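Look for subunit A in each of the two complexes below; its partner is subunit B in the first and subunit C in the second.
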Partner chain A sequence: MEHSALLVDWSRAQFALTALYHWLFVPLTLGLTFIVAIMETIYVKTGDEKWKTITKYWMGLLAINFAIGLATGIIMEFEFGTNWSNYSWIVGDIFGAPLAIEGLMAFFMESTFFAVMFFGWNKVSKKMHLTSTWLVAIGSNLSALWILLANGWMQHPVGMYFNPDTARNEMQDFSAIFFNPNGVSKFLHTISSGYVLASLFVIGISAWYLLKKRDLQFARRSMLVAASFGLITSLFMLTTGDEAAHQVALTQPMKLAAMEGLYRGEDRAGIVAIGLLDTTKEIGDEVEPFVFSFEIPGALSFLGYHNLNAFVPGLDDLVYGNKKHNIMSVKEKMVEGKKAITALGEYKQYKKAGDMPHAMAALKLFEANEKYMGYGYLKDPKDAVPSVALSFYSFHTMVGLGTWFILLFILVLYFTMTNEMHNKKWLLYASLFTLPFGYVAQEAGWITAEVGRQPWAIQDMLPVGMATSNVATTSVMITFWLFAILFTGLLIAEVKIMLKQIKIGPEGE
Partner chain B sequence: MEYDSPMKINFSKKIRFIYDLYYDGFVNMRVGKTLWILIFMKLFILFVIIKWLFFPDVMQENFKTDKARSAYILQQLTQESK
Partner chain C sequence: MGITLHDLQIYWWLLVSIIGALFVFMTFVQGGQTLLYTLGKTEDERDLLVNSLGRKWELTFTSLVMFGGALFAAFPLFYAVSFGGAYYVWMAILFCFIIQAVAYEYRKKPDNLYGERFYEVLLYINGSVGIFLIGVALGTLFSGGNFVVNSMHLSHWTKESYGLEALLNPFNLAFGLMLVFLSRVQGALYFLNGVDEPTITQRIKAVVKRNFLIFLPIFLYVVATILFAKGYVYNPTTKVVSIESMKFLHLFLDLPLLLVVLLVGVLTLLYGIYIALFKESKKAIFFTGVGTVLTVVIVLLALGVDNSVYYPSLVDMQSSLTIENSSGSYYTLSVMSVVSLLVPIVLGYIVAVWRSMDKTKLTINEIKSDPHHY
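Entry: the complex of A and B
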């Protein structure tokens, strides 16, 4: 049964708050572990003690970020059990297995290799210490793999069978889930964005030292590693982003249309590089979607389908259908979905009454329409459309900032290599002030992915309104504010401790 | 300085090595002490206060068996069709 809109909205807001805060800590760990491992590798290869100082300094900041971020993700698991219990039951072992692997992997990695990395400097050989540092980097990234595969499955469910007797999805093909193109591209794009953020973090803080004219050699060396790592990984991020968009076009066309504010489908569709949405625009009306826009012709067709002339369906085509391009309307899907829901109910009743022939007939009808089951819960075809403004602006913020980051890495790398960086004040300030925008881009990417797939908790299968638990709205509201206070406190603590350590500098190590 | 590989030393030395690794690590921490205080405070708030007071496992608390849980979810999923 669908719950009140207020309960659903508060449950969503709470999950969004915890995920957004959790995501402030995770990407830095994903990237900084690799940067630290690269720095330590240089130390071991060259034997230059300065590199050891550099490595230990960044490792210290990594420790602060790790400690403050630790267990912030566990709250989402609490929420699954309490606020999203219907969803948790229905996803069954598809979600449970990756989360369990992630938990075990994180626990064992953190309690062993992290300890050697932080405590083992004078206890184990250089090579063993270096191995531990690399294993921490690889392990923390593999830990992210499982959670992102689970998320990829929600965006494009594959490799499972919905058991009508238990109301759970059962894993049928682990490899289909593991190699789900949506999950793989999401994982690669997410971790590469973490590498970019960590590079911006190292560059930004190093720029501050150069502006203060202190620890110059330390700052230059740190910048060299971070800019090289940032440039390589940002180019990788560009390709993984392209693949992620291609997967969205294939499996979540509504999300792609919302990300681009595309209402009427087009051949050779363009990407809006810069645009301002008209807030009065509604699905199906004749109002132009943009007050103004600058478009790159054919780019969306190419991004989505790797073909400059491909047809990209717009929101109107997806909601009302487009016979020419064989696109079913949401209304038609809602009819099919309702048939599936009715058939599932009949199957249950016939089976309870022991009428197996009728039960089997109902099951057959359910399986024939199961693909659109989720649409049967929608009240209006327009409910299938996510927030266009939020999807469009968050996507364009992410892409715009990502483009700037690549340019910044090129400039920083060039001027660091020519030993002119300390004289380029404008670039040092740009590096310093870009750091918070690294976090903005991270959050914008998350909003694009998660808001763009609304109203689905599981794509086409389960809308968020059906996924929530029947709990008191006030309880969700109270915990929302509790989390807001807790996380804000943690964030303030992180920033304060980090700033203190940055002011002390590498020589304090 | 030469180090014995933890892999090559005998069991009791291995245990001693691991104990020393953690003991010395914790004792010599500077910022780490503040971080551990924060970690324990956070875990206390999360697991003792928030989880205990506000986050019961709804399905575990309200239903005793998986059969009852399945029946409830099926009822939720199919109620819309009536």
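Entry: the complex of A and C
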């Protein structure tokens, strides 16, 4: 059941829209829950009421963010059904489980203890309250665990087999899915990026107070917690980012090549630190990919394979094949894939007719070509290549900003500890203006991960064109615009409310 | 004797039914949202009502998410067929819940762009339209949908109205209205228990009575239709789906245990209403709650046992969904069954937490003295 390109594009656009909106709010929740838990722990340990004020203030901002995170989140789960119903059947046997576990393990924990955190100050003991705050942080990060394991599985499907009778993939090994290196590294990298964003958030807003010369003690203390937390977690983010890139190299070479704009594979491949892509460049032609570029030699080989001399395949190698490095061309994979699809159809027909000998022969043929079944749905070998421009620029934006964040945390932490921060106007402004870039980096990371794996919904197995629901394109267009209007309307309200709360400040109404 | 795939399918249908039933009970939040202006005549009173609900709304919301997650994991074909087919209905339901999630937090905040009333309207839409549409969608489990499932188990909807046609069926409409009025009764009873303001409590009785009197005939109509109208069954050997008259009446006569639980559920629900109206009891919500959960569990469970079809196709009867032809694999259902052992733990901490949080009833004074309130 092949869908029209227009339907697929609108379905993707809607998923991208809702995911990008949802992702504006989730990282802050992931990190700020921990930051307020740390702050409250200091309050409980020291008994200093000032720390309680600090904790409650940041909790207030957290609540505003949390609400819209929930609003934009509920749709994500159901969209797999509404817009990706073929996907829901073909891989639902594996993909549904982490989503259900997420609900059971994480969401109830979050929502129950969230209420205690906000309304329980005078209703439960100090210790019980602190425990609840920590449980909210753990709960929200647990939910990230399950959803990112699910996402990691889409990037690198493991632990399942294709059942020809049900025409779907069925789970075979839950622990393989749980320990999927792609999922684990994705989880760690994503949550640490959330911690970094939350630190930038606290630092940026505190910087504003210092610039306004108000709530000085509050701002300094908040900054100290956030800069320490930010520095530690940003180093963790760097390490996990390295591991995530390594996993991409091993399992999604096409994505890595697109992220780096690498067309022709090479030994000792370099990383383009800064570069401008030539927009006329096409797969397989002789045009130089970059108008200008500054390259760090050997870095990509090292990043991808932890070996300075390793061969990194380029897009041309991956599309047209490379005998020397034993890379099969997309065309060959498409031929095998089409054989598998035909054989599967025949198997079902023979079986229905009760012709078991023919059915078994078809099954054998299917199994021989099954590995590349997904490629059988592609029309043109070039369809196997994601958008190079989007992948390249978003990846480089993320890495560049991430590097700057680490530097910022070092500076802020140093000057906060030497008690000079309030005099460093340039650094206060830099802190304030970095905050929006924290969000840019988040979205860029998400785009790298999701655009980079196109055209696959499930890497090498299921292209997006096969995964979509069979509904009228106009229906998806209608809901797309409704989401765009509603979420934008809610976002504006959220930002206004947030700014007002910041203006009001920690000392109250 | 090992556990068979069929056992797991029954177990998971039971779990889905329980989560669905708990959700229906928890919609007292939505019912309460539609009563803000009926029960609250001053701003303080409405704030009190909103705050009383505001401590529980997330649990209801999470139950809905959980209901979806459990269906996805255990019966992925339903997820694909219904969500991807009755597209407009499910999307409309989701929009009704998206707007709820911000409404509590943003309603009272300064500079909230659209004003307090706007967010109250969002709560009202969620409580009325949202619940009504969920009822309509649940109704289609009995009345059917317009879908076809092909030999590769891929599906499509045959009507361009993508699910909205369900609104033309009186049974579905009744199912939706039934849930709306049930949730309003429960919402009022929830306030009776959780709110300590005499001016509000004295208004509750009349509200319970009025909404119950609307609920009752609709409920009887729905039950009678389920019992006496035709139902869909499949042959466990040939898997062929056919129509049987008075299918669910036969089912309850074949399985008297279900009938007993159903009757206990309905009677407990009625007892709750009785003590609220005639015994001045504030504990009524616990009885109507237990009654609702038992009743809904049995109604949903009936769709998954005794060779019932739980989602008939109106255009191609053999495409109809049963717990057998739509479930996850043996392995997945087993893994998920192990995970489901967490359910009592989760329920346990939820109950424990709320017992300690709800020790004292909410008053206007408490809200005014707490800087963080809705």
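Note that the second predicted complex is superposed on the first by the 504 of 509 C-alpha atoms of A that agree within 3 Å, B and C clash if a C-alpha of one lies under 4 Å from a C-alpha of the other, contacts with A are read in each partner's own complex, and residues count from 1 in each chain.
One rule holds in what follows: a residue touches a chain if its C-beta (ideal position, glycine included) is under 8 Å from a C-beta of that chain, and two chains touch if they have at least 3 such contacts.
Quantities reported herein were computed from a predicted structural model and do not represent experimental measurements.
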Overlay on subunit A: subunit C relative to subunit B, clash or fit: clash
Which superposed partner A:198 touches (first subunit B, second subunit C, both, neither): neither
More subunit A residues in contact - subunit B or subunit C: C
First, second, both or neither for A:330, with subunit B first and subunit C second: neither
Which superposed partner A:501 touches (first subunit B, second subunit C, both, neither): both
Partner chain in contact with A:482 - subunit B first, subunit C second, else both or neither: both
Partner chain in contact with A:342 - subunit B first, subunit C second, else both or neither: first
Subunit B versus subunit C as contact partner of A:248, first or second or both or neither: neither
First (subunit B), second (subunit C), both or neither touched by A:376: first
First, second, both or neither for A:385, with subunit B first and subunit C second: neither
Clashing subunit C stretch [against subunit B; choices 21-29, 57-65, 93-101 or 183-191]: 93-101
Overlap of the subunit B and subunit C footprints on subunit A, listed as residue numbers: 1, 60, 63-64, 67-68, 70-71, 74-75, 78, 81-82, 85-86, 88-89, 115-116, 118-120, 123-124, 128, 166-168, 348, 469, 471, 475, 479, 482, 486, 490, 493, 497, 501
Residues of subunit A defined as touching subunit C within the complex: 1, 56, 59-60, 63-64, 66-68, 70-72, 74-75, 77-78, 80-86, 88-89, 92-97, 99-105, 107-116, 118-124, 128, 163, 166-168, 170-172, 174, 348, 352, 469-472, 475, 479, 482, 486, 490, 492-494, 496-497, 499-501, 504, 508-509
Sites on subunit A touched by subunit B in the complex: 1-2, 60, 63-64, 67-68, 70-71, 74-75, 78-79, 81-82, 85-86, 88-90, 115-116, 118-120, 123-125, 128, 164-168, 338, 341-342, 344-345, 348, 376-377, 466, 469, 471, 475, 478-479, 482-483, 486, 490, 493, 497, 501
Contacting residues of subunit C [partner subunit A, same complex]: 55-56, 58-59, 61-62, 64-66, 68-70, 72-74, 76-77, 79-85, 87-88, 90-91, 94-95, 97-102, 104-106, 109-114, 150-157, 160, 162, 328-329, 331-332, 335-336, 339-340, 342-343, 346, 349-350, 353-354, 356-357, 359-360, 370-373
Subunit A-facing residues of subunit B, complex: 2-3, 5-6, 17, 20-22, 24-26, 31-32, 34-36, 38-39, 42-43, 45-46, 50-51, 54-60, 66, 69-70, 73-74, 76-82
